[in-house]
Every structure is written in C-alpha cells, then in structure tokens.
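Everything below concerns the one structure shown next.
To keep things simple, chains are lettered A, B, C and D as they appear, and every chain counts its residues starting from 1.
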Amino acid sequence: MGPGNNATAVDLENAYKLGKAIALKGWVLLTGGRNLGVMEAASKGAKEVDGLTIGILPGNSTLGLSEAIDIAIMTDLGNARNNINVLSSDVVIACGMGAGTASEIALAIKNKKKVILLNNHGSSQEFFQEIAPKNVVIANSPESAIETVEEILAN
Amino acid sequence: MGPGNNATAVDLENAYKLGKAIALKGWVLLTGGRNLGVMEAASKGAKEVDGLTIGILPGNSTLGLSEAIDIAIMTDLGNARNNINVLSSDVVIACGMGAGTASEIALAIKNKKKVILLNNHGSSQEFFQEIAPKNVVIANSPESAIETVEEILAN
Amino acid sequence: MGPGNNATAVDLENAYKLGKAIALKGWVLLTGGRNLGVMEAASKGAKEVDGLTIGILPGNSTLGLSEAIDIAIMTDLGNARNNINVLSSDVVIACGMGAGTASEIALAIKNKKKVILLNNHGSSQEFFQEIAPKNVVIANSPESAIETVEEILAN
Amino acid sequence: MGPGNNATAVDLENAYKLGKAIALKGWVLLTGGRNLGVMEAASKGAKEVDGLTIGILPGNSTLGLSEAIDIAIMTDLGNARNNINVLSSDVVIACGMGAGTASEIALAIKNKKKVILLNNHGSSQEFFQEIAPKNVVIANSPESAIETVEEILAN
C-alpha cells in the first residue's frame, strides 16, 4: 500500500523492489491496482519476474488499471475499498505516506493485521506505533521489510 | 454465480462442468468463494484441470472459504459483495436460482453486463429477459453457456 | 424503492401517494435519495405533509440529491448501496420495476425482509413470489400497500 | 467520531458535551451508532436536548444500537462503513483516538473533509497536521471545537 499521486522517488524505488522481492518469494502481490504511484511501481516489479498481481480497484471498470495487474477486482466502493485491500492481505506493507495510505494502516490495525511501515516519515511511525505497538513494525529498507514478512508468516 | 444453500443436484453438476470448461478455455473463474453449493462445485471443476480460481467472500476472514479457491478476496461487505462479483466478471453465468443469485443477475444487468441463465426456472427466465432483453441469454446446457460466452467475448 | 430513470406515470403517482401516506402514518421514508423517478416522487409526497425523508445516495457528494430529502447519506458505493437501503428499512415497498429495483427486492429477500410489490408487472410478481412466497406480498394500490405495512409491523 | 471501546473518561465527557452542543445549534449528529464509547456519549448528549441523531452501524441489524439513536442505518460493511460516516458529515470531529478513529480521520482527509481533533494525543495531532495541514484543526475543548465548526460552515 502506498500513495498513488504523491509518492516520492524513494517510495517508487522501494515499491518496485518490494514487488520484485514479493514475487521472487512466490507470494502474490495485492495492491490498489491503479496505474500510478506505489501501486504501479510494485506491480511492475512483480511482473518483471513473472509474479502474480492482484489489483483492488476503487472504480467500476478497468479505467486507470495498471498494465502490470493480472487480476483486476472492480469494487465501485471508492476509498471504502481500502478495507478490502487490508483484509485480503496476509501482511500489509505501507510504502510511503499519505491520507489513503494512513487509512489503510489504520484499517489494518483495526482488523488486527500486521503492518510494516517503510518510509522515513517520523510522525507516522511514532503515531501508529503508539496506537498499536504490537501490530506495527518499522522497516528501513525493502529487504528488511521482506525479512519481517517472513518472520510474521513463520509465526 | 448460483445458490450456496439450495442448489439442486443438476445445478451442482452444471456448475462443476462450467468450472472445468472455463478453466480449459484458459479463463479465470470468479465465484463467491464459499465452500458450498454452486460456488464450491464450479471451483472444484476448475481446479481439477488446474484452472485459476478467485473467490470474493462476504466475510472478513477465510472462514467458510472453499479449498478450491486460489485467491481469496475478503470483503466484509455481506451481500453487498455481490456487486463486486458481477463488476469483476467479463460475463456472468447464473447457474440455478435463489435470492442471492437473483440479486447478482439484477446487479449485472444494472451494470450493463451480459448474463447467461443456466437453469430450468421458467419464471426467472421470463422476468429477466423482460427487463433486459439485450443483456440476458438463456442456455440449456453448460456447453451452450460456454459457447455463448465465446460469442460475447468475440464481440 | 423503484426506478430512477424508467418509472411510468402510474409508478410516479403511486410513489407520491406512498410517500405522503408513509409520512401521515408518522413513519420515516427511506429512498435512494436521487432527484428522479420513484425516489423523487415518494420524497416529495412525504415532504408535502412534513414527513422525515432519508436518502441513501450512491455517490460521494450531494450531486443529484432530491431537494425533498432531509437527511442525505453519501455512501460512494454505487449500486452496492442498494443493500443498505433494504437493510435499513423495516419494510420494503417496490414501486415499479427495473434492474436496480429487482436487485433491491432480491437483496431484501436475501436479508429476510418483507417486500411489497406495487406494480402491474406480472413476470416480476410471479418470479419473486416463487423464490420467496412468505416474504413477498402483492399490492394493487398505494392504500393496500400501506395496509400491508401495518399488518407486517403489527406482527 | 471516536473510540468505542477504549475511550477515556475525558473523551466521554467531551463527547457528551459535543453531542449536546451540536443539538443546541440545531445541527444533526451523525455517529457510528453503537451503544458504547464516544458514539454513545455524544448521542446521549444530543438526545438530552432533543437533538436528531443518526447512527451508521457496521452490522446488518439493530444489534448493539445505542438507544439514543433516532435513525439507524444498517450498512453490513464492517469497518468500511467508516467511509460513509465521514462522507455524510459536513464536518468531522474526532474525539479521542484509536485505530478506527484514525481510519475515519484519514478517510475524511482523503475525501477533502475538514477534521477537528479533540484529544490530548500529541502524536496524532502532529501526524495528521503534517499530512493535511489545511484540513486538520486542533481543538482543546468541546466549546472550541464547536466554534471551529461554525467558522468552517461559514466559509
């Protein structure tokens, strides 16, 4: 999960690496499915190594769908689809920060999911760790995020 | 799409054949994902020939998920998830009849999707053809339903 | 509940009378909230006699909201909001027929709600009574629909 | 908006005062509708002075509904109903903090709504002001929150 419109260059690079690493592990990548920002970068990373990519779209058609998505789920729910994103994920990695991403992190915590924050956004790290110390883990690189996913899945 | 709880033996046999035929065509099977009725039968048919199966679940966990589903989308939307089922399908095949199935047919029509009715339920055929003559096609066998899908996809 | 775009003159007259009668009974009117068709007519009927009107809108803003709605709920769910319409109603009256209305009737039945059909659309009457004989009642006038609501609420 | 389960005594007192003040202004109070925490306290405050209260429930029935709610909207959307809460509000006041409340603040910001934070939770104030400086206002009392609402509505 991560910003569509205001992703930084570092967010996009991290997302691409995450997508690639997720696919190389044999895991399925689930994103918000759109052709921009962190969603697009992660999906492209996964497809470069033939991963399987799922996109949970906010609209009712394939408009705005990333070409790197294999399976498009059209929800027509707007931002309420963010709840489906996190419910359908075994682990949530939030790459970068913004209002939509913050809603996904909060919904993931509410649904008792583990969330890994990969960003250098200090106030988000402090806030989310404060409201859910057991569910939120900080990662400082895509590699470290993937290692954390492995530890979570092993438990 | 089709009944979970009150599917007839014929519905289940048709669903199994449909799932298998869909997978053999190389198409992806999308169902409501639960481990009962038409959803389960279609998913098993698809998996027997190594098809890819997606289940759009009404709940917030994998509780009640069919073992024949590869990709589970947890919506926590209850029956509102029926709208996602039809929006995410290229063509909707309704196999059997019941209130949930009727809601999916109606939502499919509302979303301008093509719907194939595979049942021997005369009043449903009459009703849905009357409200959407251009969107609703009657099929009298799984094979004929698959042929109709091919014609729709070719247009 | 009833068609937005293809309501007949009789549907609109019935809807207006229903809205007025609902308000005169001291009941709250809940509709899809838009400024067209059966929703608009029923809401206007209720407001003429100072009833309270609730509109469950498909969009994320007040765009297209009927001026006769007191309380607008913006769902941004598209047609999935139809499930909220019926869940939030004590009794559902379907005035006229169309794909959206059919989805509401089917969802109401699925959610074990009582539905009153007020139309002269024979195939819909036959179909819905066949799939849910205990939940579906036919009314041949707004007055008779209101009487049926009273009987249902008394049980 | 505010926590159901982990509201502090101060949150509950603030919520009650907010509900009362909102009703005295002649505004409609919209909450998550449940019979606990900030939702319940605010609704009770509003009802004490005969305000109108709306509850947007996560479930499909009136189970868990606050007795202080006049109009119950049953969504059956689980936490996805949080998006409806904020979309249907002219101004969002977040009273207290928790994962569900954080999701509502984030969704409100995403939907370009104004949000007033009434809490003494420093990291949430810092975080949300950082991601949306123009949409987030800090209030240090119910009275100040109400004044801010008036300013927002006047613009």
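A few remarks follow.
Following the convention adopted for this analysis, a contact is a pair of C-beta atoms (placed from the backbone, for glycine too) under 8 Å apart; a residue touches a chain by one contact, two chains touch by 3 or more.
These figures come from a predicted structure and were not determined experimentally.
Separation of chain B from chain D in touch steps, taking the shortest path, is 1. For chain pairs B-C and A-C, the one joined by more C-beta pairs in contact is B-C. Note: centroid distance chain B to chain C, computed from Cα atoms, is 28 Å. Computed from the mean C-alpha positions, the centre of chain A lies at a distance of 40 Å from the centre of chain C. Multi-chain contact residues of chain C (touching two or more other chains): 60, 76-80, 83-84, 111. Judged by the touch criterion defined above, the protein chains are all mutually in contact, each touching every other. Contacts from chain D toward chain B in the complex involve residues 60, 76-80.
Interface residues of chain A, counted against chain D in their complex, comprise 77-80, 82-84, 97-100, 102-103, 105-107, 109-111, 121, 123-124, 126-128, 130-132. For chain D in complex with chain C, the residues that touch the partner chain are 28, 54, 56, 60-61, 71-77, 83-84, 87-88, 111.
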